[in-house]
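Below you'll find the structures, each written out as structure tokens.
One chain, subunit A, links the two complexes that follow: it is found with subunit B in the first and with subunit C in the second.
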Partner chain A sequence: MVRTYYPDTAYEAMKARSEAPGALLVSGGTDVMVRKPAYEAVIILNGAGDLAEIRQEEDGSLFVGAEVTYADMMQDHRIPEIFRTCIPGIASPAIRNAGTMTGNICNASPAGDTLPVLSIMDAQVVIGSLDASGQEVSRTEGLLSFIQGIRKIDLLPTEVVLGVRLPLSNWERQNVCYYQKVGSRRAESISKASFAASARVEDGTIKDFRASWGSVGIKPVRFPDLEKKYAGTPVSDLKARKEAVTADFIEGIHPIDDQRSTAAYRRQVSANLFSDFIDSLGG
Partner chain B sequence: MIEFTLNGKAVESQAGPTDRLLDVLRNEFGCRGPKEGCGEGECGACSCLVDGKLMNSCITPAGAVAGRTVVTLDGFRDTDQYKLLDQTFAEAGAVQCGFCTPGMIMAAQALLSKNPHPTEQEIRLAISGNLCRCTGYNMIINAISLAAERGKGLW
Partner chain C sequence: MDISTPVVKKDHEVKMSGRAEYIADHPFPGEIWGTMVRSTVPFGKIRSIKLPDLPEGYTAVTADDVPGENLLKVVTSEQPIFAGDTVRFLGEGILMITGPDLTEVKRLAAETEVTYEEYEPVLSLDEATDTCAHYHFTKGRAMDEVFAEAAEVIEETFTTGYQEQAYLEPQGAVGVYKDGRAEIFGSMQCPYYVKNACKQTMGLDDDHVRIVQMTTGGGFGGKEDYPSLIGCQVAVAAKKTGHPVRMILNRREDMASTPKRHPSKITYKVALDGSKHITGIKADILLDAGAYAGLSDVVLQRSLLSAIGCYNIENTDITGAAMLTNLVSNGAYRGFGAPQSFFAIETMMDHIAYKLGKDPLDFKKEYFVKQGDITCSEGVFHHHVPIPEMLEKAEELTDYSSKYAEYKKPQTGRFRKGIGMSMVFHGCGFTGAAEKEFIKAVVKIHKYADDTVEILASNSDIGQGIKTTFAKIVAEGLGIPLSDVKIENPDTDRVPDSGPTVASRSLMIVGKLLERAAARLKAEWKPGEEQEVEEHYKHPDFMLPWDGKAFHGDAYPTYSWALNVVELELDTLTGQSRLLSVCGIFDVGKDIDRTIMVGQAQGGMLQGLGYGSIENMETKEGRVLQNSFTDYMIPTAEDTVPFQIAFIDNPYDGGPKGAKGAGELTLVGAAPAFEAAVEQASGKRFFSIPLTPEKVLMALSEKG
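For the complex of A and B:
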């Protein structure tokens, strides 16, 4: 008999994981129900009301609880605009009613649709557990170190992911946002390649910019050194040197052939999307 | 034991928490509206409403509906809204083999209950998770817009 926990709060969820370390955490279930792993204990999280909240934090960050669905995010005006481009391209209305961003992270698929977006936002994963005296302790970890590999995440058997922190004070100065997903059809499609980028353009100059590619590596691919190298470049310069700049980035992208696409196609699309982003910059 | 409301009645299921809601609905409660097409949440043939929201019952863990309200075509068919959709689907030629139809009807209901006057694009988006391999989609879209047109006050 599978032991089942139905926590009403985040605290109860953490308590359940400390009582049953390694218990399967289920949010929307849209990925885990397809994979159907066997577990001795299961924690059904969708009744934990405080995990279904989106809240503004003191430092200006936006916390998106682990049980907030994609459909919920689309209803909240505080959610950054780039998600309004990304979310409607995820799966289907029924799946967006159940699926969560935290689930997308914890599923740790290279094709996770929100991952390139979260990567350029420098999103942090908020993780909670109970210490020996039953007190809540939490830690945060950057998205790209939390995801360790395909279906591998840095989560202890007693820990629960409480949600995602989006550091908006830093993000809001980005005045250009770009997201594209390439799949075989518009709905119900797992991406062959995806790309998110943003830039702060002031007086015709790129003050800083960020770019992240999805589905071309085990986790989203970002090049902080190259981003720094091109920060401070006038947009007109960047556009004039578009091919060389694109090549500079794409050199570091090493996709694979699989059932959905080929390495060559993914590289080409990754380059095209980056180039399209440069075209989209004003100035 | 998982307690929830199914088509207006309080029920208790003996299923395990990660058993598929689809199997619970069909095998334990005899609801034949939801069908298994792909079993992976991609075809929408198993669609039902959970707290009024469209869900794929094949990938919904049974435990996730504890305390919630589930409506399948089997319960929805007693409503006036269903009767109109039934009529317009027949009129528009939106049914051929019929396997996708219960899911299409539930997707139409999920849409119209929130948006009684959808545009064609909104209808397309609302059924974008429901695959039909017979009629194509135009006749289904026509059926739903016809229902919206005639359903004054129903939704």
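For the complex of A and C:
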């Protein structure tokens, strides 16, 4: 018999995980339903009211709880604009009404639609558990280190992902944003490639510059060294050297052939979208 | 009232209320489950089969349990019901595990160990050398002469991929055996095909086999031949176990191991004279039949007869073969061999036009067939060909020519537009003399004492609305309310053999018999008395005799016609297209119900667009790679736009109220119109469908 927990709070969820270490955490459940994995214990998080909150933190970060659905995010004016481009391309209305961003992260699929966006935002995963005395302890982990591989995440059997922290104080100064998903069709489609980028352009110069590619590796691909290299470059200069700059980034992308697309296509689309992003920079 | 005026469908209430019983819904007392153990290699000799310990009540059903012939009757019989000593494709059924608990049955099937001596498999059309059908036929002069005299010869080769029917309800059947009688209940298009196959496999006569069609959740050709196989498998299992045996395929199993549209390779060689006029076309068509012949011969025939499209070409030379491979067997899918040829000929004609510096439509207009012209099998287009009216209607609805001219101007920027047009036909009914020589359809109308009537015919409603259109014809013929006409799912114990539900024949051929039966019953009508009338197929006397070996004569009594226009915007960064407008203009003689016919048009056109664009299925080492709806993409509502649909009335005397074949026609023209639009938007030439963004983007990234 499968033991099922329906915690009402984050605390109870963590308690359930310490009682049943390794129990399956269900946050939305839209992928679990398809994969039908076998577990002895399941913790259904959707009754945990305090995980369904979006809240502003003191340092200006926005915390998006593990039970906040995509549909909830679309309703909240504090959610950064780039999500309004990304979320409508995820699956279908029914999935967006149930699915969560935390679920998307923990699913750790190379094709996770929100992952490139979270990656350029430097999003952090907030993880909680109970210590021996039953006190709540928490830690945060950067997205790209939390995701360790395909369906592999850095989460101990007794831990629960409480939500995602978006460090907005830094993000809000980005004045150019770009996101595109490339799927086989316009809805209910797993991405073949996706791309998110942003930049802070001031006085015709790139001050900060971020780009991340999805579905071309086991997790979103970002090149911090290259981003630094081109920060400080005048936009006109970047545009003039567009082909070389694109080649510089794309060299590091090694997509594969699979049942959904080809490596050559993924590479070409990755390059084209990056190049289009450069074109979109003002100044 | 005009017969086209829509009515509430006969099966609307039962389906919309959720009360319709599909095979998965209907319980059979004492039933047990069956699951196939399938081949894991594409080609090999079975060395050994090691069964796990079978608990009590669990049974393995094998080739040794087949009471009659272990061969599936389709046109001929090649495929074993249960593989005996050899497997010829990955996914072929070897044996069935049956028992009361499905999870346990699946476990036992998974734990059955089969070892093989593997042979070198044929894993693509290009590697294939063995044919299961081939034809060669000509019209006019010897092609060598025509090519020798030609000022220019243009040769191009086209390829087309698989297409999965993607019916909502997977394949399923229940077999029952009692008192020496086999019964099969299931999701199917052709109860009498299943019956004939079951007789052969079970070694039983007509009186000892009964087939019942359950409400069927879509077929599109996919339930033409395969229900005979699954039906025979459950019938054998039912006899061995003494229980009703239920087998319903899961989606992955269904997609990986049941028949699909044939991949093809089509080469044209076209001769032009000094004034750039086509003098002859040589066509060579290869279809990938898969591991067993099945319906491939018949599919190939329709491919060949569509090879020259809607064009009147003086000299033609057509060869074709269905090639055997060690891949999943292919079979029927809406269009039945025609979509491959029409994609190829339409694209070929566009390409020649571009080479000659002409606009495709202007070029094609020089060759469009008209009434009285000779077909490629030297038959005759006996009836009016309404291409001029269809072109006029298309211009009115889509503004095709001015848009073509606009998009022809050089375009820059990320998004570029294109518009494409195709013209196709569908040869109505079975190819050749099959209606006369093999099918010999029979229908009955039974009148009850309360003056209501029941239609007795073997055609199944698979969503296409045949219950409603049959009933409308009979009600109109008898002058009684539609509610007084009853029609049930066919049960071979009750209905005569009016042939299969295929080839867009049901309404035209069987509907005509019902129209005649209704007229007779009306003349003989005795109020308050029970009466029955029976009608038999009559071959149209205007037809030229068909010689199936020489491939000569009238292959079809008449043709239905379709014009499709697709307008789209191409994203040059991703190779993806967004539809802007889609138009379909159809001559189906006379539509018997406008809502039903619009439904056919919408569904068929969208399937055709999927075929041309995103429905990609490939095999690797004999294994189907896209075997789920996650990886095999069919278009969603988000991928389409409201279609503009119009009908041109062109009644045919051989069909009821003038109706001609309609179901398949609607699919055929969308892919070539899509391809043409992508070609205009991209400025590139393509030779292959599905024309995926991968292919488009690779072409766009080539320099120059």
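FYI, the second predicted complex is superposed on the first by the 283 of 283 C-alpha atoms of A that agree within 3 Å, B and C clash if a C-alpha of one lies under 4 Å from a C-alpha of the other, contacts with A are read in each partner's own complex, and residues count from 1 in each chain.
Rule of thumb we're sticking to: a residue touches a chain if its C-beta (ideal position, glycine included) is under 8 Å from a C-beta of that chain, and two chains touch if they have at least 3 such contacts.
In this text the structure is predicted, and so the values were computed from the model without any measurement.
> With the two complexes superposed on chain A, say which partner A:Asn272 touches: subunit B (first), subunit C (second), both, or neither.
A:Asn272 sits against subunit C, while subunit B stays out of touch.
> I'd like to know which partner A:Ser280 touches here: subunit B for first, subunit C for second, both or neither.
Neither subunit B nor subunit C is touched by A:Ser280.
> Mind working out whether A:Leu24 is in touch with subunit B, subunit C, both or neither, as first, second, both or neither?
It touches subunit B, and subunit C stays clear.
> Looking at subunit A, does subunit C or subunit B touch more of its residues?
Between subunit B and subunit C, B touches the greater number of residues in subunit A.
> Counting only touches as set out at the top, which of subunit B and subunit C does A:Ile44 meet: first, second, both, neither?
first
> Which of the two partners, first being subunit B and second being subunit C, lies in contact with A:Ala264: first, second, both, or neither?
Only subunit C; A:Ala264 stays clear of subunit B.
> Which partner does A:Ser236 reach: the first (subunit B), the second (subunit C), both, or neither?
neither
> Once the shared chain is lined up, is A:Ala187 touching subunit B (first), subunit C (second), both, or neither of them?
The answer is both, since A:Ala187 touches subunit B and subunit C.
> Examine A:Asn175 and indicate which partner it touches, taking first as subunit B and second as subunit C; both and neither are also allowed.
It touches nothing on subunit B or subunit C.
> Both subunit B and subunit C contact which residues of subunit A?
Touching subunit B in the first complex and subunit C in the second, residues 34, 186-188 of subunit A appear in both lists.
> Looking at the complex, which residues from subunit A come into contact with subunit C?
34, 180, 182, 184-190, 259-262, 264-265, 268-269, 272-273, 276
> In the complex formed with subunit A, which residues of subunit B make contact?
Per the stated touch rule, the residues are 16-18, 20, 40-42, 44, 47, 50, 53-56, 58-61, 63-64, 66-67, 107, 110, 125-126, 128-131.
> Quick one: which bits of subunit A touch subunit B in the complex? Just the residue numbers, please.
1-2, 4, 6, 24, 26, 28-30, 32-34, 36, 39, 42, 44, 46-47, 71, 88, 91-95, 97-98, 186-188
> State the interface residues of subunit C toward subunit A in the complex, per the touch definition above.
414, 573-576, 614, 616, 618, 625-626, 630-631, 633, 635-639, 693-694, 697-698, 701
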